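Structures for review follow.
Same chain, two partners: chain A is paired with chain B first, then with chain C.
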Partner chain A sequence: MNLVLPSLGFGIITASTLLPAAVGFTLQFSATGVLNIAFGAQMTFAAFIAYVCTQAGLSIWLAMAAAAVCGALASALLNRFLLTPFARRGTTFFGMVVVTIALALLVEYAVELIWGPLPVSYPLTAPGLVHVGPMSFTHSQLVVLAIGVVFAIGTHALLRYTRAGKAIRAVADNRDLARSSGISAQRITDLAWLVSGLMGGAAGVMLGISLSSVSYTMGDTFLLEIVAAAVLGGVGQVYGAMLGALVIGVLLQESAIVLGGAYAPISAFAVLILVLLIRPTGILAGAAKAKGVS
Partner chain B sequence: MDYYLLTVCIYVVVGIIACWGLNLQFGETGVLNFAAVLFVAVGAYTASLFSLGHPTPASYQQYFWGTSLPWPLPWLAAGVAGGALGLLVGLLVLRRLRGDYQAMVLLVVSTMGTYLVSADPGLLNGSIGLASIPAPFKSELHTGQVGYELFYLGLSVVTALIIFEALRRINASPLGRVLRAVRENEQAAEAVGHNVAATKLLVMVVGGAVAALAGAIEVQFIGAWAPAGWTYPETFGLFAAVIVGGRGNLGGVAVGAFLVQGLFLEGTVLLPDFGNPDVIGAVQWMSLATLILLFLWFRPQGVIPERQRKFREGQAGPLRGLLPAQAFARVGRGQQGA
Partner chain C sequence: MMPASEHVPASAAPARAADCLQVRDLTAGYGGPPVVRGISLGLGQGQVAVIAGPNGAGKSTLVKSIVGHLRCASGSVTAGGRDITNHPPEKIARGGVGYVPQNEDAFGTMTVLENLEIGGYLLKKRAVGPRIAEVMEVFPALGRMRKRHVSRLSGGERKMVAIGRVLMLRPRLLILDEPTAGLAVALTTELFERYIPALSATGVGVLLVEQKATEALRVADWGYILVSGQVHVSEPASTILSRPDIGEVFLGGSSSVLAGED
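Coming up: the complex of A and B.
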């Protein structure tokens, strides 16, 4: 198979897009205990914000930054004005899942109403190819790859070396203990939503670049790959999500070459289920604990 | 108009049956079956294969196998297939995985099903889907379209009543109390000696069979079935109906299915024409989402909440063997709030 190595390049690009999304998704889940089905819809929303910015004349990378910031703000506001009030009313884990489902429908179809059902695309500069061994990348793919790496390092630095990051880990590990040590769980919850919105927003634009089209169902479809990456690594495990993103991304592209495009997601998901049969709590299970699921 | 109203009525009955299947899993036992629509789909495909007849190379649609059996058999086969899928998925997912993993993996399994059927055109005619699925007794009854729809509605309602009675008996039986004990507090149910994994497996099988039957009824009425009709967001429509109606209450779930499946997802066609179909579709889903949010905020227990079960002291029968689980269940509920 002389296409296996070249498609490894595509796999790495897919993984770079998947990485911030899966890390954002899992970080927010571990810190807040809310399974956010609306994550894909939030990505779509941010991708369209970037589209509006590029239409206004901004370069795609500035548009991505703007979309990430908008995604972060939208995510934090949604938490403050929708999810936190529901949690305060004592809505159960199931109830919160359903709230995010409703939210996903609202965002997705609002996007369809505003921007229409047809896909749009970003104006990308002429693709010059860069060859790395048997793999070749366009310039924008290389930037996507670099952004993925920056997000991986950034997340590591945030969680390992900053007070806020340590507080997120503390809340994720044991909310009550963290609160009794003087950490404001509410502020950390806000922060977790902010960070996940930022990563989801950037990932949405990166996905739009990789697919070279942006449509209102885009995030909805991608959500399953995010969930697969997050679950593969172990739910709530940030480094696991990074590993999961890499495995799922490469698997998707390799199986597309070996088995044909239509079977790619099937084989990636089948690997997820096989791994879970051997390690029921994901690759990096660690001390993962049930998040209020009874 | 009559014609359309009858069609919506049949859809509502199908929705009610599917939601009852989900209610047994999610409402009674607390299993988050995010693959609910997959069971409906499997039922629909099974009923199609058992009524379409043997595939011929000359046919405009391809499917891997088929036969033509008289009426109740395709529905029964669908129920068996749904139960078998429940067993398979349950063994794969429920035994070792934690609750949140189970939910997410079921979501993935459901999507895998959609991809698999779309990927292989020889299996079940790919993404185009199966068509011309025969309706039972249609050629024997010389009634015209409206008359036939009335007949089919009657057939579905009778089936629904049988399922209702079966599920009601399960809920009222000692088994029903085990299901609720598992829902309220898994550890406590385990501690008093109930096999939680086996209980969940059982509701996956029974609930799956019920949902598959709903698929069979639907497909023999509309006569066509394709992957686009059972993508994973459809599952959320079923969940919405169970929650709006009142999880754990069969009557309530029926009301929820009527509101969500009938009024919101089908009934919008009865509205006056106000623009292009895309706008109507978007408005329909957005109003459904708003309805769910309003219900979770103002009436999280649903339109008709689950009946509070009371047992008098010294009443030996219904309490036998279950006192500790019930007691734990009450405590668990108290801690969780709503």
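Coming up: the complex of A and C.
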């Protein structure tokens, strides 16, 4: 019995969740040069916000929207009032990483304190399956897939075609030059963190849906996959992160089938290491600088 | 295509009317000992001033502290009569000061067209397109490479993008840090003999940091020679050009002569 194709479906769903997360993560890095280890914890936080919303009677999709907005605000505030002051004091790159690690732990403990250590789950409606060739999806998985596609197209449209999106790219490329062109770099950085927080928040809820459970450690576990996708694509490169999400998402699920669940992460990361050996700056490494959204 | 000025261009008048840019007693550096000390200079509307001097003299440091990329430890900078000392760079840009840095002068990850769009970031949305068309009329080469990524351009092509970008906002004061480095002879000549005079004719003040000082001084009103972070010579351009003793120091002669003199 061949399970490679059916598990491609799982891979695509994982990739759809991974995509907004990896893009958000990489966008934060390109906008401010901060590798935000707390990104996973922020996703968890948003996932629980959505849980609270569903408990209050909202549909899961409205709850996701609310969680995404909360994630966006939390992300922008975090950058403005925690990370920016540290950066102003001249905190080094690794110093900033440590700050975000501390933040990740804090958020995780806070979530555990508020909602407890036991996983919860969203009330998902009718589990009718939709078959696409050998793959089958639940309705909510299909919506997750659609949201992933919307995020991919939306990010592309934002960065390519809007004034604000181009300003984000300009600030990521050369902050000083962008400022000398009249761009308020602080405002644009806030915007970049809002957008990435929005994606992280939505991704947290999407993860909760595809895992059918929400626990206080789920974002942290997922962070490894986010980092893998981002690094695979070349950190700071948005299209690279999209491609990286697809590759890592599919690889994780395929290797779970072919090699057994326990080996899935190993094979995915083996591929990551292999790619980095051949292309040290990521799959999409081209003439574009590593830093800068291209 | 350049904006009409309300000011009468102050011809080569030696009077140091400094209504465009006035730097007084400026001291700045990178946190350690100051790199430039006690710099004073002035520039009138429609005037061209050249800053020359040996490598490491502090020319770039000086202009970076004028445009807000470096903090001035002391002294003051006024542009168009308004104090801009230690203002954030975006505010200085909004005040009509255009700056082309010596290095990293354009957005490498963006296309030529996008660079111009960012240059026109402060313009009204519907004014950006027409302004890009105007700038491309001045530099037709930009139109031909509009879709290309700046990181794939040659040094000279990239410099054109950088200058095109800064012209987008019609600055009243234009600060160019060694714009001809890496530029072909023909383009250098064109910059000095056509574009810069055209700009100053419309009342734009141009502050030009330049290694090719002789050529630059020919189109300039005033010349400053910076050595070890201080202004050693501040004379009308014609005077500097006519005095071989000064000329020799920085026009192909060894710059160590002046550097060692204090």
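Assume the second predicted complex is superposed on the first by the 285 of 294 C-alpha atoms of A that agree within 3 Å, B and C clash if a C-alpha of one lies under 4 Å from a C-alpha of the other, contacts with A are read in each partner's own complex, and residues count from 1 in each chain.
Here, a residue touches a chain if its C-beta (ideal position, glycine included) is under 8 Å from a C-beta of that chain, and two chains touch if they have at least 3 such contacts.
The shown structure was predicted, so the numbers you read here are calculated from the model rather than taken from an experiment.
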{"item": "Touching partner for A:Ile147 - first (chain B), second (chain C), both, neither", "value": "neither"}
{"item": "Chain A residues touched - chain C or chain B, whichever exceeds", "value": "B"}
{"item": "Touching partner for A:Val227 - first (chain B), second (chain C), both, neither", "value": "first"}
{"item": "Partner chain(s) touched by A:Ile12 [first = chain B, second = chain C, both, neither]", "value": "neither"}
{"item": "First (chain B), second (chain C), both or neither touched by A:Gly182", "value": "second"}
{"item": "Which of chain B and chain C A:Arg163 touches, first, second, both or neither", "value": "second"}
{"item": "Chain B/chain C common contact set on chain A", "value": "293-294"}
{"item": "For the chain A and chain C complex, residues of the former touching the latter", "value": "163, 166-167, 169-170, 172-174, 176-185, 287-289, 292-294"}
{"item": "Residues on chain C engaged by chain A in the complex (per definition of touch)", "value": "67-69, 88-90, 92-94, 99, 101, 104-110, 114, 117-119, 121-122, 125, 149, 151-152, 165, 169"}
{"item": "Chain B - residues contacting chain A, complex", "value": "26, 30, 32, 92, 96-101, 103-105, 107-109, 111-112, 115-116, 118-120, 184-186, 232-233, 236, 239-240, 243, 278-279, 281-283, 285-286, 288-290, 292-293, 296-297, 300, 332, 336-338"}
{"item": "Chain A - residues contacting chain B, complex", "value": "35, 37, 82, 86, 89-95, 97-99, 101-103, 105-106, 108-110, 112-113, 116-117, 220, 224, 227-228, 230-231, 235, 260, 262-263, 265-266, 269-270, 272-273, 276-277, 280-282, 290-291, 293-294"}
